[in-house]
Amino acid sequence: MDYVFLIPMLPLLSFLIILFTRPIYKKAGIVGTLFTGAAFLCSLIVLFSHFAEGNYIVEANWFSLDTVIITVGLEVNPLNALMLVIVTLVSFLVHIYSMGYMANDERYATFFSYLGLFTFSMTGLVLSPNLLQLYMFWELVGVCSFLLVGFYFYKPEAKAAAKKAFIMTRIGDIGLLVAIFLLFWQTGSFELDVIFEAAQAGDIAPSLITLIAILIFVGAVGKSGQFPLHTWLPDAMEGPTPVSALIHAATMVAAGVYLVAVTYPLFSVSEVAMTTVAVTGGFTAIFAATIALVQTDIKRILAYSTVSQLGYMMLALGAAGYTAGVFHLTTHAFFKALLFLAAGSVIHAVHEQNIFKMGGLSKKLPITATLFLIASLSISGFPLLAGFFSKDEILATTYGDGRYVLFAIGLITAFLTAFYMFRLYFLVFSGNSSTEARESPSVMLIPMMVLGALAIVGGYIQTNWFGTFLGDWLETTPYSITFVHHEAPFWLPILASVLSIGGIALAWMMYVRKTTSIKESNERTGLHELLYRKYYVDELYQVVFVKGSRVIAYFWMYVDRFIIEGGAAVITGAVKRFGQAGVKLQSGQVQTYGTVAFSGLVLVLLLIAVLGGYF
Amino acid sequence: MDMDTLLQYQWNSMMPEFTILLTAVALSLIDLFMNKKKDRSLLIWLALAGIAAAIVFLFLQFDDGVVSILNETYRLDSFAKAFKFLMLIGTGFVLLLGVPDESTSVRGEYIYLILTALLGGMMMASSADLITLFVGLELLSLSSYVLVGIRKNNTLANEAAFKYVVNGGIATAITLFGMSYLYGLTGETNIYEIQGLMGSDVVTDNRFLAVFAFLMIVVGLSFKITAAPFHMWAPDVYQGAETPVTAFLSVVSKIAGFAIMLRLLMVPFVFAPGTREVITPDGVNYETLLVSVRPYLVLIAVLTILIGNVIALRQLNAKRLFAYSSIAHAGYLLVPLAALSELVFDAVWFYLTAYLLMNIGAFAVIHVMSAEEEVTVASFAGLFKRSPYLTIAMSIYLLSLAGIPLTAGFIGKFEIFMSALGTEPKRYLLVTAMLMGTVLSYVYYFGFFVQMYFRPSKHQTPVTISNGVTAVLAITVAGTVLLGIFPSVALTFIHDHFQFLEIFNQ
Amino acid sequence: MNDSFLLTILILSPLLGIVLLSIMPGDHRFINYMGVLGTVLPLGLTLIVFSLFDRSLSGVQFKEYHQWFELMTSISPNEPYTVAYDLGVTGLSVLFLMLASLITFLASLTALRIKESAKGFYILFLLLEVGILGVFASENLFLFFLFFEITLVSMFLLVGKWGGFNREKAAFSFLIYNGIGSILLLIVIIVLFVEMRTTNITELTMLLKDTDSLEFLSGSTRTWLFVLLLIAFGIKLPIVPFHTWMVRVHVEAPIAVVMIHAGVLLKIGAYGLIRFGVGFFPEQLKEMAVALAILGVINLLYGAFIALVQTELRSVLAYSSISHMGIVLLGVASFNTAGLQGAVFQTISHGLIAALLFLLVGVLINRFQTTKLEELGGVASQTPLFAGFLLAAGLASLGLPGMSGFISEFLAFLGLFEAMPVIGAVGVLGLILTAVYMLRAVLAVTFGERRTLFDNNRDLTAVELVPSAILLSIIIWIGVYPQVLSNTLQLARTLGIGG
Amino acid sequence: MTGELLVFIILFLVTITGGLLMLNLTKVIHMVMALVLTFLGIAGLYIMLSAEFVAVVQILIYSGAITIIMLFGIMLTKHTEAEPKTGWAKKGVVFTGIVLFFLIMFKGIRTISLGPQAETLHENNTEQIGIMLFTDYVIPFELVSVVLLVALVGAVVLAKKDEEDEKEGEQS
Amino acid sequence: MSSVPLSAFLVTALLLFCMGLYGALTKRNAVIVLISIELMLNAVNLNLVAFAKYGVGASIRGQVFSLFTITVAAAEAAVGLAILIALYRNRATVNVDEMNTLKK
């Protein structure tokens, strides 16, 4: 497995080559695709070798801090082997797709170089055996996300979105950073295994572990767009759609979930931390789902869906469902990437993102429509598709963990998911078409098909019927995580299926049969408006944080200008005053001079006489 | 006393003074009989020759040890030699500044009055008797009064001279008043005798009178060294006088003032009783007078530094500005005295040396500039474009005055700081005043840089510089830089030749 | 004692350029190139020093010792105070030397644009370099001060003559504040000198560590000396509220000078604080660590907040420097290996980043004649390379991993969290704010709608590209392989702390 | 009351009256004349103090030479002009300062007694002075001649009207 | 033993000194200012002579000192007056208050 290093290196090379070689500007797509494809192959090989050889770790000294040697290295264990495959696969597919999607963009090569950099960072993140390295890549993926969101830099919205994405995730990152500091001073190391050992040996005070775990989770919240740091993710849809698929659906945003999974041994010793994760996840899931109900922008709906699904994963992790969380991460990567790519295909075809201005596209774009349908079904938890199994796993875990409120929320969210996905699907694809549209080129369709296949079959790696391959394999992780596998109650799959189909049906009735007449888009009132405005969270942040910090900033600026500079000016002024007084006293009158001098003498005499006890 | 006794004294110890005296007399005679229309520059060269000869004689005496003649009225010790040396050099520079070129002329009186003033200063440095001291002081003062007013058709000069006379007269009277009490309490005029008598019961009983006498004497001398609040005449007089005379007043006259101030502080008053009682094992005693008055010396030093620097900030006329600057420097020079540091002689002497070089240099520059117009700070605008070398010279003086390293002024200031911080307890008040003063001085010294380098010039032609001034500039620049880079030249020179402690020997 | 004269030659090497420039006629067309060449020699010599520096040895290397002069008091002539000409480098100073000559060289390239009195500019510029190199190569406080003052004078003239509209005011601000700082420093030096009778830095470090020396310098005196040092170098660093001069200089000075100023001169403050503050008065530092850390946090947040609302790029960067220097303070305050190392790293890293940023600002001024944020925007479309570099520099500045800024901030905070977690927790807010103001400023220039006002502007030319690329690659190099710094630094050995 | 004391009181009154008149008269000439009174009074006091020679010198130089010089000075300038009044504020400050000075010094000398008086001063007073001048004080004595030379030259240079009388520039 | 104590002379001298000083600092006529200074010097002389008789180790020195003072005072008066005349020739005033062109 010594070629693991190739996995991050190949995309890095692709990045560098594209960056520094202008002559092959037009071939950038091919270069990028080839390198990423190679990386994907490597990942696959690594995955399979892992089955044979087990875990792998290699480390080298990077930096010394007094006696502490800080290392860099690569680690392969079940979790990151899986992640590697997901990342490189989606990245590879997105590369292919982008060759079509971005073909006419004048910054075609730049785009691919960014993709290469992202893939490098993401694989580096996944392979990190220590927290410092992980954090570095963690930030790097953030930058790539930033660059790609702001790819259309000339659009003010893109600029704002990029900035927002970076800053919001950075807020989370700081939490992670602080957690790393605290861990370092508790354990003297950044190495994950050292840390876990210490945590489980009880070397760290429980309250501190809770604090650290929550801080780590803050990092995850930022990256994974969990409430309350979720607002950047929908805005990040200003980036090119393949980017949304790769970064903001399948990989980077899942890094938060991955992070929690990686540091699971820490969480598992702190009940409070677990509950925090579960509650945040559950709340985010339903919160985002409700917003997704009324959005009109195709990508934004998918974005809120992503937020919601990520919440689901967090919920699973918080409810001790390590496997469930990772499982949903995997399936979600497939169907959500597919959804985005398909949406991209639609946008590519109609140059429009408002779903109310679309319709009937299933005839114009049959393949896209089919694939979109598959993905929608999968995410809605339609029986026997990938999403069905992973979502069941989550619900079962939550139920089994005794978190019934969250379980109920999960159920409602599942229903809402089905509804908004099919609201989207029906509005875009059913009915009659009025717009011109052509099916996308095959270079775009083929990756979608691959993903479509995976969205269908991806769930079979972990089912109660065929076997829990994934769970069993994940248990070979080197860290001692207590794996709780809850057998789903028999009624759960049925209930889930009913809810899913019910959601689809409701959407069908509302948007295809139009039995219930709800007029959207123009006059929104009450709850609808609240949801459409995303609970006014953005506005709240605008007032509290943006305005707030500006107020503080202006306050300090005035302090700077008036108190500090003013203080200096007062001193200079005083000196000038003294000078002026001196000049005035220097009247040119010789007798004044004499008087001053004599007065000085008398004063000194007087002082010496009085103080010396003369009188 | 017959001729034999008179001749047994080591009159050769007065050779430098005799030389100057003879030169002055000879010059006055030559001037008297010389054609009125004739150029007087020859006289300057003669005077310079006299000074050179005096310096040579002084050098020959360097390692002689203490010589005192005529019942200790005249005393030649290292201290006197060191200060005479500086005065001779300084006067030499001043005379060089006066060398006329095609367009200017020089008065004969100017030349020998400078010499008599120098003679007065040298006598002050060597006097061990109040009477000698007083006569020396008056010789210096009177010559200076005349020198200031020598441009008798210039109202500013008249006014300056008059102010100088009035203020000087008052100061002299106060000093004398103090001296009269000093004499009264001890019955002696010789300061070394006085030193011995200062511990007597009479003085102890009237110790306050002794302190007052001391302070009155200090006032008169403060006037000479332009210490606040006895400084106010200086800006007017400096401005009104001809620039070489100003240079003389600010340098030579001040050196003489410091010489005598140091000697008086260190000799007669060093064991005098102060105002406060201290309990010693031998019973109740008094702290020494120096300790008692130290706070007031500190006060004077601090005031001088601050007043000089603060008011200098507001000056537009260059000579006035340098007057205040030289007041400030007097304040710095007072610091080692007020700190009663063991470095006092070394620090004061070295700083005076540095001050001599940089201040004469600066006045030399003003002197050349004043050929055209009244020299204001703004007259320096664009000087670099006009006369780059002159500007660079001026820059070096300014840097040295501001106390920037690699110049003599820095080493001097360094020693002064050391003197204030090397004592126990450390004199933080003095240090703070020095700090504030130095920073303030940056503003006006660097203000010249702004003018010289940054601003455009009104004139385009280069400034004309006479040969004498060129010589002064060259020597002072070289000296300023040399002493900045290799201060050991001067420091080992002091060490090898000047045992300042001789001042204490009876 | 004397290994070689390498350091003397190094320090004086810019003089060759000065001499050559002064004999060239003022209107010669190669004046600017001559000036640049003048900085090449010191750069080469520094590289030699840097490569010959033996990283396996501890202590001072390339030592040169000559007695300079003795101050004798008449009262006790047999105990002279000796001042020596005393050069040498430690791991710490060799890094700063490298930084200084590199940035000076790069800055001299940007000064190629200067037309007005280029000769004078380059002469002063090289003089400034003499001062800077001297400061870092001095093994002696007296020399340190001497070179420190050389930088003061040359900077005054550089800012005052070639600066922007308010140049004279900026020059005087600079002069007054730094003048106060330098004299405070002088006072400290003199107190140490009269008490310890030496100004050799290593010797002083040893002597002051010795508890017997308490009889010379009592604890309270030491505290005062430390506070004076803190103010002296705090003005240079600058620590709020002594920063106003620095903002003025950043805004008014010519770009080449700002590069040196932000890149190297401010670092003298950090260097002094670490070398002398930490080296001489570790106990006092420990006592006042909390206060120092609070100062650091104030600097960090204060600078960041004000940078947030500046409307002019140079002001943003000026306040950003203040903010970043807060991290240096935090590192020093934490007083452990991580923190101190972080402080040093931060100093160097910020030197490089600030130089890069101002280099790019210079390009901005050259092309667009403005640095006002609202007048700029969308330059990425016309000048993608420039925008890319600016963005990269901005990201480096906000501490992006893989660039030098990250590792330094990381270490500083790592140290701080060991010593004072609560202050650390407040301090990390600064990292968020840094991201906010940096992105705001950088994106305002590069992203957004393109202003047609500035059509047809050339992207980076070779003479701009090369220095930018060099700086950026060093920034990344350090970020990726920080051992390159810590290897040389050998912090514990340099300062004699941490075991 | 001894005769000596009586003489002292008379001389004291003469001296002080002269001074006070000088301060309070308005005409300049009168002021100078008032001062002659003081100078003479002081000469009288000198005689009381066994300083006959000094007393003679005092009369010659002060009452004679200096007064005459000053009168010449007044004649050469606007002699008719009465002394203008000085502002009260300034006078007040000066007066206060001087009173304080007087009080401080007065306390020191009020009861001062420094030992027995010298008995031999009046014997060959002039001779004693002469011997002193030509033994201990040769140097200052000679120096005074230079002082007088300077004064002479100075007075000539400054007071003499130049033939060419070229007006120099007003500026320094 | 004289019936007139030392302090009587000293007080006389002090009074004269004070009057002289007052005159020098307040009188407007320059001649009077100069002559006031002479008065101060006279006070000094009186002191010296008094001390010569009654002072510690009384000696002739005081009288000698006073002779020097008188001589120098005369010289000073001459120079002062010469300066005054030169000034008067240019400015046609002897009022001290009007001699204030030098101040800025």
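A, B, C, D and E are the chain letters, set down in written order, and residue numbers restart from 1 in every chain.
Keep this in mind: contacts are C-beta pairs under 8 Å (C-beta built on N, C-alpha and C of every residue); 3 or more make two chains touch, one makes a residue touch a chain.
Note that the structure is a prediction, hence the values are computed from the model and not measured.
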Quick check on the contact graph: shortest path length from chain A to chain E, in steps? 1
Expressed in steps between touching chains, what is the minimal separation of chain B and chain E? 1
Taking each chain's centre as the mean of its CA atoms, which one is farthest from the centre of chain A? D
Most contacts overall join chains D-E
Could you tell me the distance, in whole angstrom, between the mean C-alpha positions of chain C and chain E? 64
Note: chain C sits from chain A at a C-alpha centroid distance in Å of 37
For chain B versus chain C, what separation do you get between their C-alpha means, in angstrom? 43
Rounded to a whole Å, what is the gap between the Cα centroids of chain C and chain D? 69
Which chain C residues sit where two or more other chains touch them? none
Find every residue in chain E that makes contact with two or more other chains and list them. 20-21, 24-26, 30, 33-34, 50-51, 55-59, 61, 64, 68, 72, 75-76, 79, 82-84, 86, 89, 96-97, 99, 101-104
Quick check on chain D: which residues sit in contact with 2+ other chains? 90, 94, 98, 101, 104-105, 109, 112, 114-115, 137, 140, 144, 147, 150-151, 154, 157-158
With touch defined as at the top, which chains are paired up in contact here? A-B, A-C, A-D, A-E, B-C, B-D, B-E, D-E
Where on chain C is chain A touching in the complex? 240-241, 243-244, 302, 305-306, 308-309, 337-338, 341, 378, 380-381, 395, 400-402, 406-407, 410-411, 413-414, 417-418, 421, 424-425, 428-429, 431-433, 435-436, 439-440, 443, 446-450, 481-483, 486, 492, 498-499
Show me the residue ranges of chain E that touch chain A in the complex, using the header's touch definition. 21, 24-26, 33, 96-97, 99-104
For chain A, which residues are in contact with chain E within the complex? 583, 586-591, 594-595, 598
Touching chain D in the complex: which residues of chain A? 591-592, 595, 598-599, 601-602, 605-606, 609, 614-615
Enumerate the contact residues on chain B facing chain C in the complex. 342-343, 345-346, 399, 404-406, 410, 414-415, 417-418, 421-422, 426, 431, 434-435, 438-439, 442-443, 446, 449-450, 453-454, 486-488, 491-492, 494-495, 498-501
